[in-house]
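One chain, subunit A, links the two complexes that follow: it is found with subunit B in the first and with subunit C in the second.
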Partner chain A sequence: MQENILEVRDLNISFSNYGKTSKVLRNVNLNVLRGERVSLIGQSGSGKTVTMRTIIGTLPTPPAIIESGEILYERKNLLALNRIERNKIKGSGISIILQDPLLSFNPVLTILRQMEDIIKYSDVRRGLSRGHKERKELICETLAKVQLFDNERILDSYPIMLSGGMRQRVLIGMALLNQPKLLIADEPGTALDVTTQKEILDLLNMLVANEGLSLLFITHNLGVVREMADRIYVMQSGKIVETNHRENIFNTPQDPYTISLMESVPPLYGKKVIDVKNSNPIPDEMIKISNLTKSFPVRTGFLNRITSENHAVKSINLSINDGDIFGIAGESGSGKTTIAKILVGLHQPSAGQIRINKSNLEQLVELKDYRKLIQIVYQNPGSSLNRKRTIAQILSVPLKFSDYTDKMIKDRTNELLNMVDLPISYSSMYPHELSGGQKQRVAIARALSLKPKIIVLDEPTSALDVLVQGTVIDLLQRLKKELGLTYIFISHDLSLMRNFCNKIAIMFKGEICESGETKDIFSNPKHLYTKALISSIPVISDLEESLKPKVTDEERSMVLQNTRKI
Partner chain B sequence: MFTYLLKRTVTLLLVFIGLAILIFIIARIVPGDPARIALGPLASAQQVEEMRQEMGLNDPFFVQLWNYLAGLVQGDLGKSLLTSRPVIDDILGALPATFELVLFTVFLQITLSIPLGVLAAVYRDSWVDNFTRIISLIGVVTPGFVLAIILQLLASYQFSFFPVTGRVDPGLNFEPDITRLILIDSLIKGRSDVFIDAFSHIFLPSIALAAAGIGQVMRITRSAMIEVSRFDFIEASRAYGIPERVVTFGYMLRIASVAPLTILGLEFASLIGNAFVVEFVFSWPGIASYGVRTILQKDLNAVIGVVLVSGIFFVFANLFIDILLGIIDPRHRIREGSSK
Partner chain C sequence: MTQPSGQELNSERDLGQQRSLTSGQMAWFRFRSNPSSIIGAFIVLSVIFLAIFAPLIAPSPQSAGSFVDFINRHSPPSKDFWFGTDNVGRDIFSRVIFGYRVSLGLVIGVLGFAVPFGVFLGLLAGYFGNWTEFVIMRFTDIMLAIPPLAMALAITAVLSPNLINAMIAITMLWWTWHTRLIYRIVKAQMNEDYVEAAKVSGASHFHIMFRELLPNCVSAISVKISLDAGFVILFGAALSFLGLGVQPPTPDLGTMVSTGSEYLPEYWWEALMPGLAILYAILGFNLLGDGLRDMMDVEV
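And then the complex of A and B:
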């Protein structure tokens, strides 16, 4: 029997807000053995972050109240320790890696200074005194562990000067500086592209094995868990609903919540995959993009002169048919959002031609009617809806600009709410009273208000939890059938696209490297980048894992090297 | 950093030239003949015409502007009609007193408002927070001159330690000839009696002048601190075991200070404007009494001079703040400077 490094016993925590108390953790029990990788999985609001904060000691009390429970780290109850004793464990016993690699840095200090501070203050606590040179040596050693070698440049940089993957590596390095025994990782890599995420997860696994660390990995992504955990805890509304070894959770999930989580993950391969087809037997061409190029000027120097051009999109050719769900996939910076913005007329193309419904885009953009033809749904409904307007007001804005009378507007907004399965009573509510999924439904309703033929969906589900994501996708599918829409679906989530789009174009550095029927792309990817991309997607079964295209590490780094910022 | 500095300096230089031209145009548009004012109502039309000729008022507008700007570069602001001395000398004589008052006021604003703002943020929603909120509200809503008069009344009836007028007791026989700022010179020369006396003189006017800014900057510091406290890296720093004191003052305050410093720079304009009133109330021998007199007398050369000097003040204060912000937050430099 191995020894526990961390044990949480009967933890009960509630939050008090203006006199109201609400329970956020109920009898949470979990333990991590020495050298074990444990995963805590749950959706947003399930209490996993509160659990993490209680363990690392950054839970703000008040508003939080720790009602009962113990957190034992190497048999010491952390909740009973005084501040000095507790601080000794911070950083040197238990360390953390937070989710967002940019926000986790102090933006105004160099990497060197931040890392030195961590060593310096832990030395103070432990009564050591190491000089600047020794500290720097330790930092360089640690950076080597996370496979960063360009030390001088990295250490003198400010966080914004590094690329996302590099920041995440440095962040892991920071967590390792004081030789912790337990590493708590809160969704590391979720803010990164899949290919980079894959590298980071591999790195973490290697470190845990080499350094003999224990890992508590907090995430909402089942696919990631499969690669990162020996044992799994499933958390739902403040309770641990199921715990078991990885194989058991994935092969024979017991709790209905775990099962629903499993089913909500869109499969990449296997029987459950839906092959989407265009419902029109002989579809017309809806959008034709030829030689589309968009470049942005780069201004530098004293006079802000244009010194070079940044090509966001380079000579793209696409043909989208009436009734298609056309997926544009790619990682951040690949140019997919630029295409979306050009299509809805928010950017002017630098060169090339777009024909929509057999008319030229340049002639159309000026016309009001154009807005009735093509609309957009944005990624984050929290910021795409005006917080100061009621739902009815939000929905009526497009109508007001197109000769609807007040009576017609009211009827139309009610009709729209009906279409997206929201009760009419919601029309007087404000966005903040709605959940994320409901807000996205409102955003979809707004896009539909002028009865467009084409809707551009810019990552419409990536800000939502998996379960909610499923219902929004179902809604989109139903609306498409009922209204005969054409979708342009922009996303980085290939497994979702596999089950939703009938055609896909993969973008890479502003160019389309591969496009075609979704089924063909997944069963037989041709371009190396497509292969690397698909093989990086975390999946939830061994079957899918075995069906992924095989890409060696060398091939992967070769194709990805070009995309990396310096 | 160099490009950043150069960019800032050039911008400010342009602002300054623009200001000089604008104020010159305004001065020429306002009704009233400077020559007539200089000579008084009894002068004959011919005398006025001769005076106009002598003052160059009959030259074409652009010639006047050119001569004016050329003089400006050499530090020549023309002659005051009121005192018949070069404007520059009058201003330089009165400037140190105002400069000292404004500097001390800014000092008070920074030392009072930023710590109070930090306290209010750290003990959010407690009595400390509420107390500072009330103080800042009172400070913001009370006009400077009302506060000045109230303070003066209080000083004359209750707290006799604070004199109600003047800059320093003339009986102390002190000549501030090093920096021309009494507080600093008395320290350099080791005259503690002068320092205490000057301090008691400057304290009330500065409080009256600082109140509004203190209130604003305090609230802005508070909200900036609260915003920064929500950043992930603050949680990360705590979890890595960085002591709370370093997190609050070393990390959070440094980033949070960007907003209050920017406001302080902008506040400078209203500080100079308010100084006119406050100096008047406390008979402070600064540029204000000179400015007000010249405005009332339509002594245009002097008015232009006073406005320009106030402008220089403002422009330099903001240059200083811009440089400070560039040091505090390297992102300003990285975005605007040469390294992309």
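And then the complex of A and C:
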């Protein structure tokens, strides 16, 4: 039996807010062995982050109240230690990698300064005194560990000057500076693109193996867990509902919650995959995009003159049929959203032609009826619904500007709430009183209000938990069937697109590198980038893993190199 | 992919339990748990109460006018005259109460014009951007660069020194702060998707500015107003002190401090008591404003 490096015993935590106390953690027990990779998985609000913050000692008390429990790190109870002893462990024994690589840095200090500070403070705690030279040597060694070799440039950069993947690497490097024994990672890479995420996860795995670290990995993504954990804890509303070795969790999950989590992950390959077909036997062409280019002027200098142009999308050709669910996939910055904004008339194309329903877009945009043809659902309903307006007011906006009388508006609003399975009583509520999934339903209802033929879905589920994501997708499928809609589905989640779209276009640096029937693209990707993209997606079964296209590391870095911001 | 539909409902119900408080209740909780904001609210309400019912509360309502009582002139604070009397024997306490009427009138007059005007310009500048923004915001900057007292002196010198002109002078300077505040908020709100969603819905500019953006500015405006009220009273008092505001015999706190200061230090209450009255009102408005700011969680 190996020795525990970390053990959490019967941890109970409540939060007291506005005079009410609610229990956040109930009897949480977990342990990490030396050199082991343990994963804590759960949906948002399940208590993962509270657990993590209690372990590293940054839980704000109040409002949090630690009711009972022990956290043993190398047999010392962290919760019973005084502040000075506690700080020693904070800086050296346990290190943490946070989710958002940009938010974790101080934006006005260089990387070198921030890394040096970490060493300085730990020296103070440990009574060492290392000079600038020694510190820099240590930093360079650490950067080499996280496979960053362009030291001089990186160390003199400010966080904003580095790409997301580089920032995440530097962040991992920072966590390694004080030779920790336990690494806690809170959803690293979640904010990054899949291809970059894949590299970060590979790096973490390599470090854990080489340095003999223990890893506590906190995430909501089952696919990632499969690559990152020896043992898994499943957490639901503050309780650990299941714990087991990886194989057992994935092959024979016991708890109904774990099972529903497994089922909610859209499969990439295998028998469970749904092949979507256009329901129209002989579909008409709905949207024809030819040679579309959009560039944004880059203004520099004192006089704000246009010095160059930045191409967001370049020579796009697409044809979307009536009744299609057309997926546009790509990583951040690939130009997906630009296309969406051009289609709904928020941006003017720089060149090229778009025909919708056999009329030119430029003429259509001028017409009031354009709003009745095409509508959009945004990614984050928290931002796309005005916090200060009731659901009824939000839904009435498109109707008010389209010759509906007050009586008709009220009827239509109720009808819309019905369509998206929300009770009519919600019409007097404000968005913050609704959950994320319900808010997105309201946003969908608003897009439907003028009975459009086409709806642009700009990552409509990526701000939601997997379980809720499934219900929203089901709703979209039902609405499409009932109302005969055409969807343009913009997303970076390829496994979801595999099961939801009948056609798909892969975008890469503002251009479409491959497009066609979803089934063909996944079974036989032609472009190297498509292969790299699909092979980076974390999956939840060995079968899917074996069916993914094979890409060597050299090929992958060759394709991706071009995208890196240097 | 198909989910039992109860799944979402279950998880959503869990969330619902945590969110059972409405935003109003949460705001009230924040307000209540801050003792200084309760004190501020109490002071402000008492000032408003005194101003409204001045003729009923004042022990000697005739003191508000050009009443003369030479027997009691310069009498120190006592049972009969709580704040003492002034150089012609008028009861200072009664004059302070009537002085609050003038001060609150000034606040309402100034903010009643400055706030809507400033907010409107801020909305225009933030929403339309480009040259609209340039023209409005640079004009605002110019107005901000003028020293307020010099501006007020100029205006009251050209027109004539009285309450209305003092009000005009203060108003002309005051709107700029509201323009800047609203401009900043609207600029930040323009990045939110709901503005774009309204555009895609076919909403008019008027709708987006006044129905979508303005409600998101309301909490900041109300905090700003309550903080402003104190400063307007102070500025009005300063003008009156210099003889540019309200003219005698109308009781005004600033004028009273000014006349009273001639009799310092023997008859100290004649300047001190109106001064304390100014302090009391401003303290109240500032505490209330800070409380509101914490409650609504806005930056002003």
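Methods note: the second predicted complex is superposed on the first by the 566 of 566 C-alpha atoms of A that agree within 3 Å, B and C clash if a C-alpha of one lies under 4 Å from a C-alpha of the other, contacts with A are read in each partner's own complex, and residues count from 1 in each chain.
The rule we apply is simple: a residue touches a chain if its C-beta (ideal position, glycine included) is under 8 Å from a C-beta of that chain, and two chains touch if they have at least 3 such contacts.
Quick caveat, the model's predicted, so the values are computed rather than measured.
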**Asked** Where does A:Y121 make contact in the superposed view: on subunit B (first), on subunit C (second), on both, or on neither?
**Response** first
**Message:** A:T471 in the overlay: touching subunit B, subunit C, both, or neither? Say first, second, both or neither.
**Reply:** second
**Asked** With the two structures laid over each other on chain A, which partner does A:S264 touch: subunit B (first), subunit C (second), both, or neither?
**Response** second
**Prompt:** Can A:V397 be said to touch subunit B (first), subunit C (second), both, or neither?
**Reply:** second
**Request:** Answer with first, second, both or neither: which of subunit B and subunit C does A:G45 touch in the superposed model?
**Result:** second
**Prompt:** Per the overlay, which chain contacts more subunit A residues, subunit B or subunit C?
**Reply:** C
**Request:** Give one of first, second, both or neither to describe whether A:R387 is in contact with subunit B, with subunit C, with both, or with none.
**Result:** second
**Asked** When the two structures are overlaid on chain A, which partner does A:G19 contact: first (subunit B), second (subunit C), both, or neither?
**Response** second
**Request:** Show which residues of subunit C lie in contact with subunit A when the two form their complex.
**Result:** 1-5, 7-8, 11-12, 14-19, 21-23, 25-26, 29, 192-194, 196-204, 207, 211-212, 215-216, 218
**Residue ranges of subunit A in contact with subunit B within the complex** = 53, 56-58, 87-88, 90-92, 94-96, 98-100, 103-109, 117-118, 121-122, 124-125, 158, 160-161, 174-175, 177-178, 300-302
**subunit A contact footprint on subunit B (complex, rising order)** = 3, 6-7, 231-233, 235-243, 246, 251, 254-255, 328-331, 334, 338, 340
**Request:** Would you pull the subunit A residues touching subunit C in the complex into a rising list?
**Result:** 18-20, 22, 43, 45, 237, 260, 263-264, 266, 274, 344-346, 368, 371, 375-376, 378-380, 383-389, 393, 397-398, 400-402, 430, 432-433, 435, 437-438, 443, 446, 449-450, 465, 467-468, 470-471, 473-474, 499
